[in-house]
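Several structures are given next for inspection.
What follows is a pair of complexes built around subunit A, which joins subunit B in one and subunit C in the other.
On to the complex of A and B.
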């Protein structure tokens, strides 16, 4: 009681001091500041909603696929489907996207689930990186934007190579516990799991419950990532990046940064990239199309819920460096 | 003892390898300088109006076109950047035959990013001989054929599944646009390459009729007449209006917003900026300049062909005037550079010469006009003349032929193709040819509506 009496005046003083500070600051702020801030907030809200609304259906799809995997696939089946040899597992993991057409938002919860079902690290990592590109929806959207030509071919070839290489590197780690966050190996969602003898209806009901749980679990990080991306886009205008984007090295770096910043879903990023065709080189655009689906702000936020920070660092940096190398090879030596 | 690689060692090792490769690529790339590709055929043989595209590996300042590229011998044309990496040379006049051109990209110029063109690069090309394209009736279908300019090596470029109604060859000779009826009773636009066998629908017109295509000389747009279908199949088609479809972005729409402006037989100016068409309802030739947006009207009641001077500043067309002595067909010349229209031919004619077919070559001093030479004969003759001096020679006047029509000059203005029909005997549509210095024209091959395929 005595403590409360002592704190109240101090809090009051802080509030008054803050109020005075705000008043003084606002009198010093230029007249147009609040209009500018309001405009920026409007832009922020629009960009945030754009990213979030675009990504949400794919997150839902991914979590639903995750729920289905949980109730319909058991560990024994998984070990039958995926080879234990690292190279074969990495390659097959990269092509699993053809079966699970999810973009980078949906692939994270699905990969987490597949890991729980015993998917080898190499296969899971290459699936995580390749599935947002190596799936039928993205094949058609890329072909719609760039035609059935070189951009399509190289996007898929380079994505495949990067995914497999990163998968192989992760296969070196024998203990998955050093890569995955502990929550995966403990009892996350243990209250919902299929048991032998469950009817199909019951399995679907459980899959939907898992979907809901996981959607809200991952959705938080999607919102956080979308807000971060929207914030960066609001206060670092694209034009500023594009203005420095000439030259064989800088143009690739700018496009890689744009890929992180824009956080566009891989199903539609080809159409955005098409807008850069007259300004940026083939290599720069290719690196944007390869790296964007693997790493962006919102996906990094979600990776952090599945992998340890050290693993996330490599998941981000190795594809970044390989995409940079690809862009430079095309800019300097090929085209 | 088996040595186990740790995850971190493997990952960092890979990153080091990638970083080294990045360094090597940058080093090699910097040594090589800016690279450039040119879209020439492997054999170096191009069409007379071939646009040549240079693609640089780095962005360049748009001011830098003329110091980067040169062509030897010097040839008139314009250089334009389609984007910061791509420079395009479009010839104004056709490349000369039997001349080897040398393209040179100069060393020493610097791209926007600071890298230099380190080595000068050259490419050689020569121009191919033009072919001709025409229609042949096979059973009940019109098939597109092409042949060498001497009539040899005829070969079909469309097959019997399609019946061609009208067509136009692109100025660079790389493709032909034609029209053919569809299953819905409408007429679609099709595209086929010069070698044929790859015809595909360019524009599905559904129940509408899209006819008389005209390819802009720069090859980027197709103008055509479009007749809208009635509300039910029993209703007649609407009046034709001029539409343009963009080959680059696929945009398609009417040229004139006013639905009362009708149009038929569109004709592009050689610079691809102006489009003339005939409005049969208003008895006018409508002309639109796409660069300035200006529109012009010229009174004409013949619906006859329109021809452009090679510099795109003058247009000739026919019209019929009621004079005291009777009806007189006249050839009018509209000079857009001074906004003046004069009667070029027929002002003081004592009788009607029925001037009809017109074509102006790529040479300012050479055009052709068809007219009825004799009052007693329906036969029309072809007169090759100098529009500036109005002197010339008749090059086709065989009285056995009733009609000479659809004249078209080759890219150099040296040879003329035309349609001819025999007056007597078995009906056979023929294609005739006249070449500069040869006096009379001669029969080339059987067929309809001949055009050059440069």
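On to the complex of A and C.
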């Protein structure tokens, strides 16, 4: 009893002391600080919502594709379609993007679903890395930015090589359980099973429910990733990054970092890359266009949901090294 | 959280997102965030989110009905299974940011991190011929910068009359009677937005306010800024105008 009586005034004193401290501190803050903070907050909100609004339709399409695969494709069909030999599987996985035109937001849930339908690891990994580039939409948008020329050709050739190589590396691992995270949904949410006798509408209804679950499951990583990216863009001046970026090695590194930082959708990144044509070498822009669709802040967030940490490490680092190498080869040898 | 509550929460969030996007589309603010070319995609998103919400609500109703007659048959079990629970709250973040922070397109506040440029590359699908054919007074800031960036001989443009809309930006590297008229160029979404600017010479430049929107009319002059040829407008008039519906230019 006594302690409560004693504590009350003490709390009051602390509150008053804190209040005074805040007042003193705020009077010491330069006058422009709050407008500065408010401006930063506004830029953050606009950039964040920009990425989010842009990405949501693609995420919806990707999760819906995943829902449809769950209900309409069964494991037997999958093994008929995709070869079990690693090389063939990796190559065919890389080209599957031509059938499922998804960008890097949509590809993650779809890949996870395909794995559960028995897609071989090598095919899934190369699909994951290649599909955001090797698809009709991105071919068209790259062509309309750079024309039907070298940039287009090398972008697709290099992406294909990297995707297949990483796919093959993963095919060494026989046990998918070492690569994929145990799908928590096995117990928690994936109980919306297709039943053989379901009518088409019933199947679509189930596909939609799966879409909902996956949209929330992946959406939260999209949101965290977009916030991180928007935050970095709000506080780190791009000019500082670009100022560092001359020289054949640094320019490639800067463009790779920018690809991670910007987190823009692969369907339009070529228009953004175009803005750097005057200041950056062919090799560094090529590496931006190859690496950006494979790895950026938001896609890494989503990868962590599907793969174990060690696997994500390889999925990020191998393409990084290979893109860097590509940039350097072009900077030193070709130009 | 019980399954049905999670489902209801999901349904409400989907509906909320759909309404939020629809409101942005209705008041024209979508293009403050994304390139106008992607608006149809967002419209699809609005419809699809609403369809998903409807599916979820129907599912709740069905599971409630099923529960009542569940004692004798139990084959489907859909209602028992908790969907991915927990972090639904994260979905509230974009709604909160969109509602609590007043919408404001990118402006000179973003210059400190995004920087701005007085030149712009020509993309291969637009020919300089198209910009040439455009009446000089119809060209926007982006067109002018592209022309100056692309053409070898820019003297042909000197003296042409120009009429461009943009917001005012003051910068130390200009004279007292000069200011920049600026626009953001957005290819995809606000994340890739970058500012472009044309210097303007005008005797009453100091009466203008930073970030206010103006219509600048005058004639083109070629000047050198940081070693680049840049088009400058020698202004005959500078009128203040309301902010355009689409604050950005789309390449």
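Rule of thumb we're sticking to: the second predicted complex is superposed on the first by the 305 of 335 C-alpha atoms of A that agree within 3 Å, B and C clash if a C-alpha of one lies under 4 Å from a C-alpha of the other, contacts with A are read in each partner's own complex, and residues count from 1 in each chain.
What we mean here is this: a contact is a pair of C-beta atoms (placed from the backbone, for glycine too) under 8 Å apart; a residue touches a chain by one contact, two chains touch by 3 or more.
Model, not experiment: these values are computed from the prediction.
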{"item": "Fit-or-clash call for subunit B and subunit C when the two complexes are aligned on subunit A", "value": "clash"}
{"item": "Touching partner for A:216 - first (subunit B), second (subunit C), both, neither", "value": "second"}
{"item": "First (subunit B), second (subunit C), both or neither touched by A:250", "value": "first"}
{"item": "First, second, both or neither for A:56, with subunit B first and subunit C second", "value": "second"}
{"item": "First, second, both or neither for A:277, with subunit B first and subunit C second", "value": "both"}
{"item": "Touching partner for A:331 - first (subunit B), second (subunit C), both, neither", "value": "first"}
{"item": "Of subunit C and subunit B, partner touching more subunit A residues", "value": "C"}
{"item": "First (subunit B), second (subunit C), both or neither touched by A:165", "value": "first"}
{"item": "Contacts of A:321 with subunit B and subunit C, given as first, second, both or neither", "value": "first"}
{"item": "Subunit B versus subunit C as contact partner of A:26, first or second or both or neither", "value": "neither"}
{"item": "Stretch of subunit C, among 55-63, 127-135, 199-207 or 235-243, that runs into subunit B once the two complexes are superposed", "value": "127-135"}
{"item": "Footprint overlap on subunit A, where subunit B in one structure and subunit C in the other make contact", "value": "277-278"}
{"item": "Subunit B contact footprint on subunit A (complex, rising order)", "value": "165, 169-170, 172-174, 178-179, 246-251, 277-279, 281, 310, 314, 317-318, 321-322, 324-325, 328-329, 331-333, 335"}
{"item": "Residue ranges of subunit A touching subunit C (in the complex, touch as defined)", "value": "39-43, 45-54, 56-58, 60, 64, 143-147, 184-185, 188-189, 191-192, 195, 205, 208-209, 211-213, 215-217, 219-220, 223-224, 227, 229-230, 233-239, 242, 262-265, 267-269, 271-272, 274-275, 277-278"}
{"item": "Subunit A-touching residues of subunit B, taken from the complex the two chains share", "value": "4-8, 10-11, 14-15, 18-19, 21-22, 25-26, 28-30, 32, 35, 37, 55, 57-59, 82-85, 111-115"}
{"item": "Subunit A partner contacts - residues on subunit C that touch it in the complex", "value": "10, 13-14, 17, 21, 24, 30, 32-35, 38, 41-42, 44-45, 48-49, 51-52, 55-56, 58-59, 76-78, 80-85, 87-88, 90-91, 93-94, 97-98, 101-106, 109-110, 112-115, 119-121, 123-125, 149, 186-194, 251"}
